[in-house]
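Questions regarding the structure given below will be posed in turn.
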Amino acid sequence: MKLGYATLDVDRRARTGDAEVVFGHGKTPEQVVGALRGLHAANPDGPVLATRVDEAGREHCRRNLPRAVIDDIGRTVVLGPPRPARGRVAVVSAGTCDLPVVRECATTIAVFGSAADQIVDVGVAGIHRLFDQLDRIKAADVVVVVAGMEAALPSVVGGLIGTPIVAVPTSVGYGWHLEGVTAWLAMVNTCAPGITTVNVDNGFGAGVAAARIARATARAAG
Amino acid sequence: MKLGYATLDVDRRARTGDAEVVFGHGKTPEQVVGALRGLHAANPDGPVLATRVDEAGREHCRRNLPRAVIDDIGRTVVLGPPRPARGRVAVVSAGTCDLPVVRECATTIAVFGSAADQIVDVGVAGIHRLFDQLDRIKAADVVVVVAGMEAALPSVVGGLIGTPIVAVPTSVGYGWHLEGVTAWLAMVNTCAPGITTVNVDNGFGAGVAAARIARATARAAG
Amino acid sequence: MKLGYATLDVDRRARTGDAEVVFGHGKTPEQVVGALRGLHAANPDGPVLATRVDEAGREHCRRNLPRAVIDDIGRTVVLGPPRPARGRVAVVSAGTCDLPVVRECATTIAVFGSAADQIVDVGVAGIHRLFDQLDRIKAADVVVVVAGMEAALPSVVGGLIGTPIVAVPTSVGYGWHLEGVTAWLAMVNTCAPGITTVNVDNGFGAGVAAARIARATARAAG
Amino acid sequence: MKLGYATLDVDRRARTGDAEVVFGHGKTPEQVVGALRGLHAANPDGPVLATRVDEAGREHCRRNLPRAVIDDIGRTVVLGPPRPARGRVAVVSAGTCDLPVVRECATTIAVFGSAADQIVDVGVAGIHRLFDQLDRIKAADVVVVVAGMEAALPSVVGGLIGTPIVAVPTSVGYGWHLEGVTAWLAMVNTCAPGITTVNVDNGFGAGVAAARIARATARAAG
Amino acid sequence: MKLGYATLDVDRRARTGDAEVVFGHGKTPEQVVGALRGLHAANPDGPVLATRVDEAGREHCRRNLPRAVIDDIGRTVVLGPPRPARGRVAVVSAGTCDLPVVRECATTIAVFGSAADQIVDVGVAGIHRLFDQLDRIKAADVVVVVAGMEAALPSVVGGLIGTPIVAVPTSVGYGWHLEGVTAWLAMVNTCAPGITTVNVDNGFGAGVAAARIARATARAAG
Amino acid sequence: MKLGYATLDVDRRARTGDAEVVFGHGKTPEQVVGALRGLHAANPDGPVLATRVDEAGREHCRRNLPRAVIDDIGRTVVLGPPRPARGRVAVVSAGTCDLPVVRECATTIAVFGSAADQIVDVGVAGIHRLFDQLDRIKAADVVVVVAGMEAALPSVVGGLIGTPIVAVPTSVGYGWHLEGVTAWLAMVNTCAPGITTVNVDNGFGAGVAAARIARATARAAG
Amino acid sequence: MKLGYATLDVDRRARTGDAEVVFGHGKTPEQVVGALRGLHAANPDGPVLATRVDEAGREHCRRNLPRAVIDDIGRTVVLGPPRPARGRVAVVSAGTCDLPVVRECATTIAVFGSAADQIVDVGVAGIHRLFDQLDRIKAADVVVVVAGMEAALPSVVGGLIGTPIVAVPTSVGYGWHLEGVTAWLAMVNTCAPGITTVNVDNGFGAGVAAARIARATARAAG
Amino acid sequence: MKLGYATLDVDRRARTGDAEVVFGHGKTPEQVVGALRGLHAANPDGPVLATRVDEAGREHCRRNLPRAVIDDIGRTVVLGPPRPARGRVAVVSAGTCDLPVVRECATTIAVFGSAADQIVDVGVAGIHRLFDQLDRIKAADVVVVVAGMEAALPSVVGGLIGTPIVAVPTSVGYGWHLEGVTAWLAMVNTCAPGITTVNVDNGFGAGVAAARIARATARAAG
C-alpha cells in the first residue's frame, strides 16, 4: 500500500500479530493523520497507534480524526475500537517526572492487547512506598519499571519478585546524567537477574514487549 | 546462612521462585565449590548454577563435585537433579564465535526450568540460512537472539515473528567495536518493536528472563 | 580567484575531474549565491552544486539564480547545464525519515556525472520489501545504502550482492542513538565484507564516491 | 626532607592534621619501604600508611619492617603505634567482591584516627539483609557505602538515614560496566540528597574523608 | 499525602532529620506552588525548599506565596520560618560565573540548619587571593569548593587544610569542557586526599551534605 | 555444508561473486585448517583466504597445508591457485608501523581478483615523498590509503586525484589516540569529498571493497 | 579592586607581564562595560581586551565606550591605546568558516604585544595554495594554525618548517565531528613533532601563547 | 635514503632545522639500531635521538652502539656529539611518578639544542614546595609543566609567571582517570591563559616545542 511518501507495511499483522505503528517524530501533521487513516483502513477491527506526536500533530488529529483518543502527556494518538485485554502489566515508576514515559507505555500496552496498571511515585529514596504497593505489583503477569537518575528501582523490585521485568531508563535528572544513559547503564548492570531493558525513554518498546509476554501468558491460560 | 566470606541468600527462592546463583568471576576454586555446596544443601530438589567459572574453578569442581555437570565452553557448573522443563526457548545466534554466550544462556534456561533449542550460525550475511530455520524459531515461546558485530539479526527476526524476543549483544568483532557496545547500541535502536536487551555477553541474564517468560506461558497453559 | 571572503579553488577540476562544491552551512545567503556564480563562471559547461543550504539561502538563490534547480528536502542548489550520466547508482534507504540524505546523495550523483535510482522504504523490519526490489538493486554499478537506527540494512544487502556498497549512517532514531553514531558503528562492524562508509548524514560524500566508481566502470566499458 | 627520588612532605601534618601517605602504585619495593621509614621517623607517635602495595612490595615490607601491619586483601601496610579512635564510621558493602575496597577504607579510617565498623554483603537484591543491619548503620557518625554494578545501595541507605554518607563506586560487574564508571554515575545521580562520592575503588579517599568527619563530630562532643 | 500528581513523602523528616525538597525542574508553576504549600503544611516549624525553579515558577511563587524568600540567581524558593544554624560551612568559589551554584548551595545549607559563609572569586590563577582568605576558610567546620574549568582549586585548598571538603564541579568554561565533566574528573582525581564530590552544578547536594556534617559537629560540641 | 562447529556458506560465491573468508580471530588452529579445507573443496579453482590467523594457527597451516601461502606480517593464509588480476589498486601508507594492515589489504586484493601496488612510507610530515609517487598513485583504478595518528594523508591525496579512495585508519600512535579512533574520526571528517572508510585496522574490508571496484572497472573495460 | 560582582586582579600585570582579560561569556552588557572600564583605569597605558562578547554586549560597548575597537566577527572589544608590536605571528587557517577564531586570535596577539599576519583559506584539499604562501609563513617568529574537520593542516605545515607552531582546533564540519574534538584529537596526534595545542575554538589562548613567544624572541633580539 | 623497511627523511634538517627522530615503539631492536646509524651517518655533527625504546632495544643499543647515551627511565637513546645549548627550559613536575616523562622531555630538549633544568615533586597538594622554586622557574625562557591526576599545577604556575608554558598530561593516578585524559582535559581548560599542551605522556613533543622556543629566544638575543 503506497501513500507517496511511505510504503505502509499492512501485512505486518499477519507476520507478527500486531499492526504497524506510526512513529510521529519528524513527520508533518498531515503525514501523521494520513498514516493513521491508512493503517486504520487496513486494520478496522482494532486500534492503531501513533507515538511521539508533537503538539501540532495532536491538534491536527483532534480536528481531523474526531474519534481518535489523544494523550497530551504521553504524546500518543489511538484510532479505532479498543482491543480486548489479555493479561495484566504493572507499570511502576520512580517519580512524577517519568510520567510521559509511563503513559506512552500504558497506551501501547492497551493497543497491543493487554491491561496496564500504573503505579507511580514509588522510588527507592522512600522505599516504604514501594512495599505498600508490593501485592499489587506481584499480581501482574509482567512488570515494567520506569526510572531515571540512578535507576535503583528495578534492582530493588527484581530482588523481591520473580515475575518477568522490563526496565525503561528515562532522561530525567539533576546534574550530569548523559540524557538517561546513566539510568540505562545502571539497569543493564543490575545485580537482580532476569531484568531486560529497552532504549532510553522508550515506553513504546517496553509496552510492546510487555504486552506480548502478558498476552502469551493469558492466551496459554485461557 | 553464613560461609565466612558471604551471606548466602537461601530464601531468595521463596521470594522470586528461583535459587541464588554463584557468580564465579573473581572467586577462588574453593569459594566456588563451597558456595555451590551451600546452595545445593538449601535447594536439594533442583539444580543450582555457577557461571563464569574459570578453568581452575571447573577443574576443582570436577574433582570435588563428581555429580556436577560442567560445560567448558559456556563456563558453567550445575549441581543437583534437573528441573522439569515448562515452555521452550529458541536461542538463535549469528556466528560460531558467539557459542560461549549461547551455551551459558541454554544452561541457565534449563536450570531456571525451561527447555532451550539452540540454533546457531544463522547470521544476516547469508540470510537464507535464517529462513531455513524460521519454522523452528516460530515454534518457541520466547526467542533469545545472540549477536555480535553489527547485530542486525534481532531486527530481521523481529520483523518476521511476534514472539517475545530478548537480544544479547556479544563482544565479538573484527575492528573497533567497543567490546560489544556497538552490538548493544544496535539492539536498543532496533526498528523492530518489542525487543528487549541485557548486558554484553550476559547469556545468564537473558536465560533467566527467557525462562521466566516461557514458564509463565506454560504454567498458564497447563 | 578571490571573492574577498574566500579563495575559490577553480582548477580543482583539472586535478580531480570534478569542480569544487559550495558547503552552505554557516554561509550567508549572499555568500552562497556569490560562490555559486563564481564556480559557474569557471565551469560554464556543467552543473555546480551547493549543499546544506538553509531556507534563507535557498530563497535567496530562488530570487537571484532563476535557472538554478533547488531541492527543499535535500537542501541543495544546482546551477548550470546537466552533465551526461555514465553508469548507474542505486540509492537504497530504510525509511522515509532518511529522505533528506537520499536526496542530497542523488543530486550529488547527478552533478558528479552518474545516474541515481532512488529505492526508498525497504528496511529490514519488513524484509520482503527488500527482496521485491532486489533485481533493481542488482542492476546498478554501485549501491548506496542509507540507514539510521540499528542500520542492519547494509549487512543484509551486502550478503546478497557483490556490487561495491557505500553505506551512509543517518541521525534518525527513537531513543538514545548518539545522533547517528550508533548506525555508523553498526555499519563499520558489518559482517558483510567490502562495505565502506562515510560520515553521519553525509549523502554528499557518498554521492561523490559512488559517482566516481560508477563513472569509472562506465568509462571503462565505453 | 629528601630521599633522592622524592621530597617527603613531612610538615603536612602541621597543615592538615594528618601525615602524608605512601601511594604504592608504580613504586619499587625498596621505595615503599624507604618512604614508610622516612614518614615514620618524622611521625613516630602515630601510624603511617602505604596503600596499593603490590605483592612484591608487601613481601619486602614483611621482611624489612617486622612491626608493620600488612593487609593482603586491602593491599595496605601500616607502620607505627595505633592512634586513639574518635567517632565511628560504618563501612557498608553490597557484595564480597568489594572486600578489597572495604578493607583499604577501614584501614585508612583507623590510621586517620577513627573506628571502622565493617558491614558486608547487604546488597539491594536481597534488601531484607540491609534492614537487618539498619540499627548498626544508624549508630555510626558517618556511613561509607561501597558498591559496584548498578550501585543502588547508597540511594536506598540515603533514603533511610540522615547521617553523612560517602559512596565509593567499585569496578566489579558481570558485563559492560565501564570499569566502575557505571556505579559512579549511578551514585552521583542518586535521588537521595546529601551523598558525596570519591573516585572508583578509592577506599583510601573515602576513608580519609569519613575519618575527618567522624573525628570532628567526636572532638566537638568531647 | 496525595496531591494528584505526586505522593509527598511527609515523614521523610522522621527518617532522615530533613524535610523533602521540591525539585522544580520540569514542574509547572502551579505544581511548584502546590508542592511547597503541601510540604509547608506538614513542616510548619521550619523552612521548606524548592530548587531549580525557572523564571515563570519564581514569578508564580512571588504572587501566590508572599512570605516566600526567592533567589533569582540561585533559582531557589524558601517557605517557612528560618531554622537556627548549627556549625558553619565556608562556600569557596573560583569565579563569578559559579555564583548560581554558590547561591543554591548557601540557601540549601541554611534550610538544612547550618550557616554558610560565601567566599567568591579566589581562583588559582591569582593564588594570592586564596591565601588572603585562608584564615576565614580554616574557621569553618566544613568547606564546599565550587569550581569549573580545570577545577584546580579543591586540590590547592585540600593541601592547606584538614577540614572535610565537598567539591562541586560547575559547567563553566571557554572551549570544550564536556559541560562540567572536565571539572568533575579533575576533582575525583585530586592529589589531596579526603575530598568528596557531588554531581555537576549540584549546589543543592553539596549543601545538604555539608550542613549535615556541620550540624553533627556542632550538635556534638553543644 | 556442515563441519560440526560451523555451517559454511559455500554458495556465497554464487550470490556475491566471492567465496566466504575464514576470520581466524578466536578460532583454534584446527578450526582454521578445517575451515580452509572446506572452503577450498567448494572453490577448487581459485584462492580461499584466512585472515587474522595467530602464530599457532599459521604454524598449524604450515604443517598441514603445505601448498598454502602464509604471510606472517599480514597474518593471512591463502589456499588454492591464484586468480587472474583485473584492474589495479594502489595501497598507500603513511608509515612502516602500518605495514601489517597494508599487507592484509594487499593479499585480500589479490584473492578477490585485482592487483595491489604497495607504496609505503609517504606520510605528510615529509610531503615531498608523496609527490614523488604521485604518478604511480594516479595510475591506479582505486587507491587505498592506510594511515594512523592524525591521518592527514587521505585528505592530501584526495585533494590531488579524482580516483575512488578507500581510507583505512590504523591503531598506531605516540600518546592518546583511542586505539585508532582518532585516525578514523579524521578520515570521516576529511575536507576532500568522495573518500570512504572502513573500520580501524580493517585492511581486509578495504581490500574487498577496492578489488570489487577495480574489477568492475576492468571488467567493463575488457 | 572590587566591583561588587568580581574582584579584579589588577596586579596580574606585575606578576605575568599582561593585564587580566574580560571573558564576556555569561556576563551582562553592563558587567562587560564595567569590567573593561575597571581594567582600563588600572592599565591606562595599553589596551585591555574583552572576548566572547555577544551582540548585546558589543552594542552596549559601542554606545558607552566610544573609543573601544569592536570586532563583530571575532566578538572582541579592545579599550585603550595600542601596544607597540614585537615579533610577528602568522595565523594560518584552513577555511573561511574558521574566520571568527582567526580574528579572536589576531586581536589577542595585538593586545598582548605582537603583530599578527592573517593567511586564510590554505587548506590541504588544495595544497598548492599552502605552498604559494610558504615564504610568508616561514617569515614569522611563531605560526598559529587554525583548522577544523580533519585538521590535517598543522601536520603538513609542521613537516615544512621548524618555527614554533600552536594549533587551534575549531568546531566546524560536515557530519559527526564531536564539536571540534575530532580536530583536536588529530592535532595532538600529529606526526610532525613540536606542535602544541589549545582548547577547541580558543583563539584567545593561542594568541596569548603565540604573542609571548614572539615577544620573547623579539625582546631577546632587540 | 632507503633501509628496506623505511625511507629515512634525511633532509628534514634542511627544511625544519632538526633531524628526524626514531620512534622506537613497535620497532625491533635491530630496526632501532639501524635507524639510529642511518640518521647518525646523515647528521654526523650533532646528536640523533630514539624515543620509547623498550628494554630489549636499549640492551641491543648498549651492545652495538657503545658511544650511545642511554636513559633507562626516560627510555631514550642518543647517538652523536652533544649540541651547544641555546636558551634554558625549566621542566617542572608534580610527582615522582611523572619522572619518565620528565626525563624523555629533558633529553629531547638537549638533543634539540637547548638546556633543561629539571624541578621535580612540586605538586599543588603541598604548594609551599612550588613557591620555594619560583625564582628558578622564573629564570627559564620556557617552562614545561608535567602533571598527572587532576593536573592543577599548570594553572597555578600560569597564574604566577608570564613565560611561555607547555603542559604535558601524564597517565598517572589513583582511580579512574582515563589514562591521562583527565589531566589533559584539565590542562586545556586552564583558567590561566597562554598555556599550550601536547598529547598524554608526550615528553618528546613538549621537548621539541620548548627547545624551539628557547632557541629562538636565545638566537635572537645572541
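Letters A, B, C, D, E, F, G and H mark the chains as written, and numbering starts fresh at 1 in each.
The rule is short, and it goes like this: contacts are C-beta pairs under 8 Å (C-beta built on N, C-alpha and C of every residue); 3 or more make two chains touch, one makes a residue touch a chain.
Nothing here was measured: the structure is a model prediction, and the numbers come from that model.
Number of steps on the shortest path from subunit C to subunit F, with steps defined by chain touch: 1.
Chain copies subunit D and subunit E are related through a rotation whose angle, from the C-alpha fit, is 180° to the nearest 5. Here the spacing of subunit C and subunit H, counted between their Cα centres, is 46 Å. For this pair, subunit F with subunit H, the centres built from the Cα atoms lie 36 Å apart. Subunit A and subunit H have centres, each the mean of its CA atoms, that are 58 Å apart. Annotation for subunit H: residues touching 2 or more other chains are 12, 125-126, 158-160, 174-177, 181, 188-189, 198-199, 202, 204-205. Taken in their complex, subunit G has these residues touching subunit H: 12, 15-18, 21, 141, 158-166, 188-189, 193-199, 202, 204-206, 208-209, 212-213, 216-221.
Contact residues of subunit B toward subunit C in the complex are 94-95, 123-127, 149-153, 155-156, 158-160, 173-178, 182-183, 185-192.
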